[in-house]
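For reference, the structures are reproduced in the following blocks.
Two complexes follow with chain A in common, the first pairing it with chain B and the second with chain C.
After this line comes the complex of A and B, so read on.
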C-alpha cells in the first residue's frame, strides 16, 4: 500500500497521513496485525518531520486503530476495531454538517448528497468483499 | 624501480583518472554538477557537451599530471608512494576545478534557456517496502568472509612453530611477534566490520518513491539496493582472501610474486565488477533514482557533492552525482558515520602505509 502526501494541500500532513491509513484499514489493504513502518522510517521515506508521523500514529492509536509498542513497533489493531461510540457519532455529525452545508449552498439535492456519500462508502469497502 | 612497482603505481593512477573522468556519466541525468534540470533539457546537445567537456578536460589534466609524475619518478624512484599520493591529490584538485567550470556552464545554460526544474510537492512512500523480504543480503552472508578469516587465523596458530623468526613481505622485514603475525587478520576484521555496517546502512537507506511511477520506482530502488549489497559482499570477500594470501606469503614463504599477481587480480576484478554494475544499472535505468525530498538544488553544496538538508530526517540518501548513497550532513547522526569512516581510514593508513612505502621503494 502506498501513502501519498500533498505538501501544498490545506489539509495538514498528519491528517492526510491518518486519513490514508484509516482508508487502508477500511478497504482491507491493511489487515489487523499488519506491521507498519516505524515513525522514523516512515518520516525518512516521506521526507517529513518525525513529529508529523508521530502525531498521525498517536491520533490513530487514541482512536483504537493502531497499537504502538516500543519493542514490537507499530501494528494495525489486532484485537478488533473499536465500535461506533457516541463520541464517534458526534464527530461524524460535525464533519458531515460542514460537507452538507457546502453541498446545500451549491444547490445540491439531498438525494444526490446521500447518493454520493453511499458511493464513497461503497468504494472504500469494496476491496473487503463488500458489506 | 622494478617493473611490478611501476605497474602498480601507473595502474592505480590510471584507475583513479578514469573514474574521475567518467563519473560525469553516472548518476541522475537531470542533475548536471549539482544543477537540477527539467526532463526537456536532456534533449539539448549543450547539456551533453558540458559533460563531454568535463571528461575531456579532466583527461587532459590527468595526462599532464601523470606525465609530470612519471618524470619525477624516473629521477626519484625511491619516492614511489609519495609521487603516487601527490599525483592523485593533484588530479582531484584539477577535477574539482573542471567540475567548477562545468557547473558555471550549467548554471549559465539553465538561465539562458529559461529552464525551471519542477519541485515536486507530493511525497510517496510504501508501507510494505522490504517488509516481505529485505532487499539487501542478510549479514549471515558475511559468515563466508569470517570463515576465510578464521581459517587464516587457525592456520597461523597451528603452524606457529614453523613460522620463521624474521618475516619478509616484498622489501619489508619484520620480527615475528603476535602483532606482526596477526596484523592482517586485524585488517580482515576491520574490512568485514566496515562492509557489514555498509550493508546495514544500505538496508536503512530511504525508499522515497516517484509519485508519478510508484510501483516502478519502488522496484527500481529495491533492485538498486540488492545490486549494491551483492557487490559490497563480493568485494569484501575478495579483499579478505587477498589479505589471507598476503599473510600466507609473509608467514609460510609462498612465492613472492604471488603478492603482485593476487593484488593486480583483486584490483582488476573489483574494477571490472564496478564498471560492469554501473553500466548495467545505466542500461536498465536503475541508477535513475528520483529521490523526491532531496532533489532541490539548494540542498546540494560544494559543486553538488554534499547533501545538507536539516529538514530531511533521512541520514542516507541516493547520490545524484554518481554511485550509491551519500550522507545528509545536516543530520546529527552523520557525525558518527564520518568519525567512524575517518577512524577506519587512519587505522588502515597506520597499518598499511609503512608496508606500501617500503614495497614501492
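After this line comes the complex of A and C, so read on.
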C-alpha cells in the first residue's frame, strides 16, 4: 500500500497516517488479517518519528481496526470490523456539522455539500474489486 | 447566542468555540457587523482560558469570518464572507474523505453517509429566518 504524507499540512502526521490506513481497509486494499509493517520499519520507510507511527497504530487499535500483538506484530482486524455504534454516529455528526457550517458560511449549497460527501465516499470505495 | 462547550470531548475547546461561532454566522444568528464579546468577557462567561478564546477568534479572523479591531473590538465580517476557494474546497474534501473512510470501514452505506451530510447542513441552516 502506498502512503503519502503531507509535511506542510495542518493535519498532524499521525492523523494522516491513520486516515490512509483506514482508507486502505475501507477500499479493501488492506484485508482482515493482513500484516502491517512494524513501527520501526514504517517509521524508517516514511522518514518519520517512531512515536508518530505508534500513535497512529494505537488510535486504530483503540477504534478496533487493527490488532497489535507483541510477538506477531500488527495486523488488520481479523475478527470483524466495528460497526456503526451510537458513539460513532454522534462523533461523525459532530464532525460533519463542523464541515457543513464552514461550507454554508462560504455559500456552498446543501446539494453541493452532499454531492461532495458522496463523491469522496465513492472515491474510496472505487478501489474495491479493482485489484 | 448560546454557546455550549463539551469539556469531555476530544475536540479542543478553541475548535468547538470556533465551530459554534461559524454555525452562528451560517445560520444567520450572527450577522455581518454584529459585535462579539471581548476575549476577556467571553472567557469569563464560558469559564475558560483567555488564550482559548483568543485562539478561536484568531482562527476565524484568519479565515475571514471575523474582524478584530484594537479599539472597537471583535465583529462579524461586515465586508462579505469569503467564498468557496480552491484551497477551501481541497481542505473540505480532505476532511470529508477522512470521515467517509471511517464510515465506510464500519459499513455505513454511501447513501446514508450522504444523507447524514445533508441533514447536518440542513440543521444549521434551519435557523435562518426563524428569528
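By our rule, the second predicted complex is superposed on the first by the 128 of 131 C-alpha atoms of A that agree within 3 Å, B and C clash if a C-alpha of one lies under 4 Å from a C-alpha of the other, contacts with A are read in each partner's own complex, and residues count from 1 in each chain.
The rule we apply is simple: a contact is a pair of C-beta atoms (placed from the backbone, for glycine too) under 8 Å apart; a residue touches a chain by one contact, two chains touch by 3 or more.
This structure is a prediction, so every number in the text was calculated from the model and none was measured.
Contact with neither chain B nor chain C is seen for A:75 once the two complexes are overlaid on the shared chain. Of the two partner chains, chain B is the only one touched by A:49; chain C is not. In the superposition on chain A, A:95 makes contact with chain C only, not with chain B.
Contacts of A:36 after superposition: chain B is touched, whereas chain C is not reached. When the two complexes are overlaid on their common chain A, residue A:104 makes contact with chain C while staying clear of chain B. Which of chain B and chain C touches more residues of chain A is settled by the count: it is C. Once the two complexes are overlaid on the shared chain, A:3 sits against chain B while remaining clear of chain C. Of the two partner chains placed by the overlay, only chain C lies in contact with A:116; chain B stays clear of it. With the contact threshold set out at the top, not one residue of chain A is in contact with chain B in one structure and with chain C in the other.
Interface of chain C with chain A (complex): residues 11, 15, 19, 22-23, 25-26, 65, 81-84, 88, 92-108, 110, 113-118, 120-125. Within the complex formed with chain A, the residues of chain B that make contact are 121-129, 131, 206-209, 211, 214, 292-294, 311-315. Against chain B, in their complex, chain A makes its touches with residues 1-8, 24, 30, 35-37, 40, 42-50.
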